[in-house]
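Notes follow once the structure below has been shown.
Letters A, B and C name the chains as they come in the text, with residue numbers starting at 1 for each one.
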Amino acid sequence: MTDPKKDLLYRLADDQLILGHRNSEWNGLGPILEEDIAFSSMAQDKLGHALQLYSLLHELGEAEPDTVAFTRNAAQFHCSQLVELPIGDYAFSLMRHFLFDHAELLRFEALAASSYEPLAQVARKLKGELKYHVLHANTWIRQLGTSTEEALEKLQAALDLTLPYALGLFEKTEAEPAIIAEGLFIGEDVLRAQWLENISRVLNQTQLELPDLSAITPVGGGRHGEHTEFLQPLLDEMAEVFRLDPTADW
Amino acid sequence: MLSSLDPRIARLALPDTAPAPTPKAAFDQFETFEVFHQKKDGAAYTYVGPVHAPSADVAFLFAKEQYSRRFACTGMWVVPTSAINLTPYVGDQESVYDGVSAIVPTADAPAEPQEYAIFHLKKRGKAHTNVGLVRAASAADALYQAKLTFGEQRPVVNVWVLPWNEVLTLDPADRDIWLTTPEKKYRDAIAYKVQDRIERFKLETGTK
Amino acid sequence: MYGSVSTHDIPAQATTGLENEDPQQLAEFEARIARGEKIEPDDYMPALYRKQLIRMIEQHAHSEIIGSLPEGTWITRAPGFRRKMAQMAKVQDEVGHAQLLYSAAETLGKSREDMLTDLINGKSKYSNVFNYPTPTWADSNAISWLIDAGAIVNQMANARGSYGPYCRALERICAEESFHLKYGHDAVVHMATGTPIQRRMMQEALNRWWPPIMTFFGPADKASQHTEILMRWKVKMASNDDCRQQFLDMYVPKILEIGLTIPDPNLRKNEETGKWEYTEPDWEELRRVINGDGPCNQERLAVRRAAEENGAWVRRALQAKRQAPKAVRPLA
């Protein structure tokens, strides 16, 4: 993909769609009624973000949002591998939410100053929404991260498991130099540094331990269409009805 | 393994016959918090309902999505149920304040006066609404102070007295958490307009 | 039951227990209701009133939480952004309704955890319709539109009932139900007026769902002293038959106008009586399903139980940080 705008938008939108889809799997099965509701809202928000971003792509000449979302195969997706992993237990889903949404908040804060005005507008609008998401994530990690042995064990395991994938959020594409040069976005390296600072600040208030990052190899590939074995089945499931009758208006 | 039409359930890989649930201890639940919302700037805070939560900050997270995921909202108060003092309920035409008199000072050293938020219920079955704050040395005194300040209002079926220091409020700078709420039209009835399609169908099929 | 009191499964000889109530308090209580005033949690109320309301609101709450599952079956497969987001919002609302209703029931003195325990142990009932499967997307649409339509008939009636906290919860619930109804109708109309594949899917789903829908409001109420008291106390607001007739009045024309057929050759409106006539539903099957022998009873409870068990560590962790248990009963 050559157009840096499209490159950026596809990565953003695919992450939102796939994580929103994953998190919706908890709907009705969550640990506490009220949390079930809150988590569902945030998943809906992610789908809303995805829709807005695919709409920008549509303005740039790509297909309709529904077509883009429901008819591509895994190799055509640019999401990070972090978002496609199955929901696991609630510790896993919460930890992914914490790591992802911290990056998401910073990403959109930076995008609010993008030279690509339509994207900057979307980003500015979402500031408050994302503030709640991160408040939610921080509160949960602080609460559970200072609680029982059992919870600490689960959360630490989730952190150890998700962190290499979370680092994959910052995987660069060939368009990176152009993206930065054109002022579309501050770039993945700057984002990653800010993100690390923010998640460390919260984790430091808990009994959880951030693993030594220098010893971790980030799990990349997603931005280039290389995915885990979980993405294609997810897409098949998501499009099961949509593909029953491609001519239909559902 | 339990087979299911729901792919999410299938992934849970539940056994065919569920094991007996673990018995629960008494009071195996969180305390409750009562939630009040403000629909627009300057409007009185109104009771919306309770949430179960382990602490006020979590209660706020829960309350925001349970009680303000639709329509405009400019503020939310969350207070532990156990912190609220309430009067008995009287009839729909009466006032609770008729039975309230000044507090006889006790021999104890008077407590430092503090603020209390006063809520009135105007009609049974409706929601309590904030009428203002009073300063008082105790919750009982606050009720009397409320009578002096708001006692003219009738009817007052029930009064809630909330110690202000127990109320979790939101920093006004964070109100933008509701900024996009009214735009989420997909969860509003008005977004679904299908009459044209029905009319078109009737014309095409000659049923009209 | 989804909000309508099921008098049919109360033993006919159930005593009213009123002989234990203080006659003056009882008279004042009845006079208040007769004046159109609501009862609030701290008021005197007869034990039978409390018991019946707990039972009714609890069953309603269970129906919401279990009712989120048949549509949840399609949450990951809803076609297109518009449907995907709305399906999530609707399932979320149903969980929210459970939260509101459990809270209303708690004001009467039964804790949420007790109610959830009774649900997963099979001790409490919920609406029989949720024990039927949703094999296709169209089945989910049929529920969104028609089961919710039935629920609204019930809930609008109950919102005029006498218990304050239940009325407050229902006010919020009914506002959200209007979204469900519109969304469900929109989805069904798109299917029924769509491509041949869509139309066939929708008709087949309606064929599957019509019999459960006809049992939704329960069999005709038995005339009994018990029913009469519950009506007088505004606990039971409308007879099961009246609700069914109202539902048919409102929705049969809407189903027919989009080219769907209703799988009951006997269904017709008697112009003389103004009443719908229909094939008598299989009440024996309803009884069997309510008592656990429906196609999905086992799965529904197993899933609810798994959700409780899988989430237990979260609740334990948060619980451990608290001091002694404080208030567990919401105020209103």
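The definition used in the following text is that a contact is a pair of C-beta atoms (placed from the backbone, for glycine too) under 8 Å apart; a residue touches a chain by one contact, two chains touch by 3 or more.
Chain labels with UniProt names: A = Phenylacetate-CoA oxygenase subunit PaaC; B = Phenylacetic acid degradation b; C = 1,2-phenylacetyl-CoA epoxidase subunit A.
Remember, predicted model here, so these are calculated numbers, not experimental data.
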Winner on C-beta contact pairs when A-C is weighed against A-B = A-C
Request  = Could you find the chain whose CA centre sits the greatest distance from that of chain C?
outcome  = A
Remark   = Rounded to the nearest Å, the gap between Cα centres of chain B and chain C is 23
Ask   = Can you give the whole-Å distance between the Cα centres of chain A and chain C?
value = 37
Inquiry  = Using Cα averages as centroids, what's the distance between chain A and chain B in whole Å?
reply    = 32
Message = By the touch rule stated above, which residues of chain A touch at least two different other chains?
response = 25, 29, 32-35, 37, 40-41, 44, 48, 143, 237
Inquiry  = Residues of chain B that contact two or more other chains, please.
reply    = 7-8, 12, 51-52, 54-55, 58, 66, 186-187
Task = Would you pick out the residues of chain C that each touch at least 2 other chains?
result = 69, 72, 75-77, 85, 89, 96, 99, 190, 303, 306, 312, 315, 318, 321
Inquiry  = Could you list, by residue number, the parts of chain C that touch chain B in their complex?
reply    = 32, 35, 37-40, 42-43, 69, 72-73, 75-77, 82, 85-86, 89, 93, 96, 99-100, 103, 106, 111-113, 117, 120-121, 133-135, 164, 167-169, 172, 176, 178-179, 181-183, 185-186, 189-190, 192-193, 257-259, 298-299, 301-303, 305-306, 308-309, 312, 315, 318-319, 321-322, 325-332
Key: chain B residues within the chain C interface of the complex   = 2, 4-9, 12, 14, 18, 21-22, 24, 27-32, 34, 47-52, 54-55, 58, 66, 70, 80-82, 84, 86, 88-89, 91-92, 124-128, 157-158, 160, 186-192, 194, 197-198, 200-202, 205, 207
Ask   = Within the complex, which stretch of chain A touches chain B?
value = 25, 29, 32-35, 37-38, 40-41, 44, 48, 86, 125-129, 131-132, 135-136, 139-140, 143, 237
Query = For the complex, which residues does chain A have touching chain C?
reply = 21, 24-25, 27-37, 40-41, 43-44, 47-48, 50-51, 65-66, 69-70, 89-90, 143-144, 146-148, 150-151, 154, 237-242, 244-245, 247-250
Query = Tell me, which parts of chain C touch chain A in their complex?
reply = 65, 68-69, 72, 74-81, 83-85, 88-89, 91-92, 94-96, 98-99, 102, 137, 187, 190-191, 194-195, 197-198, 303, 306-307, 310-318, 320-321
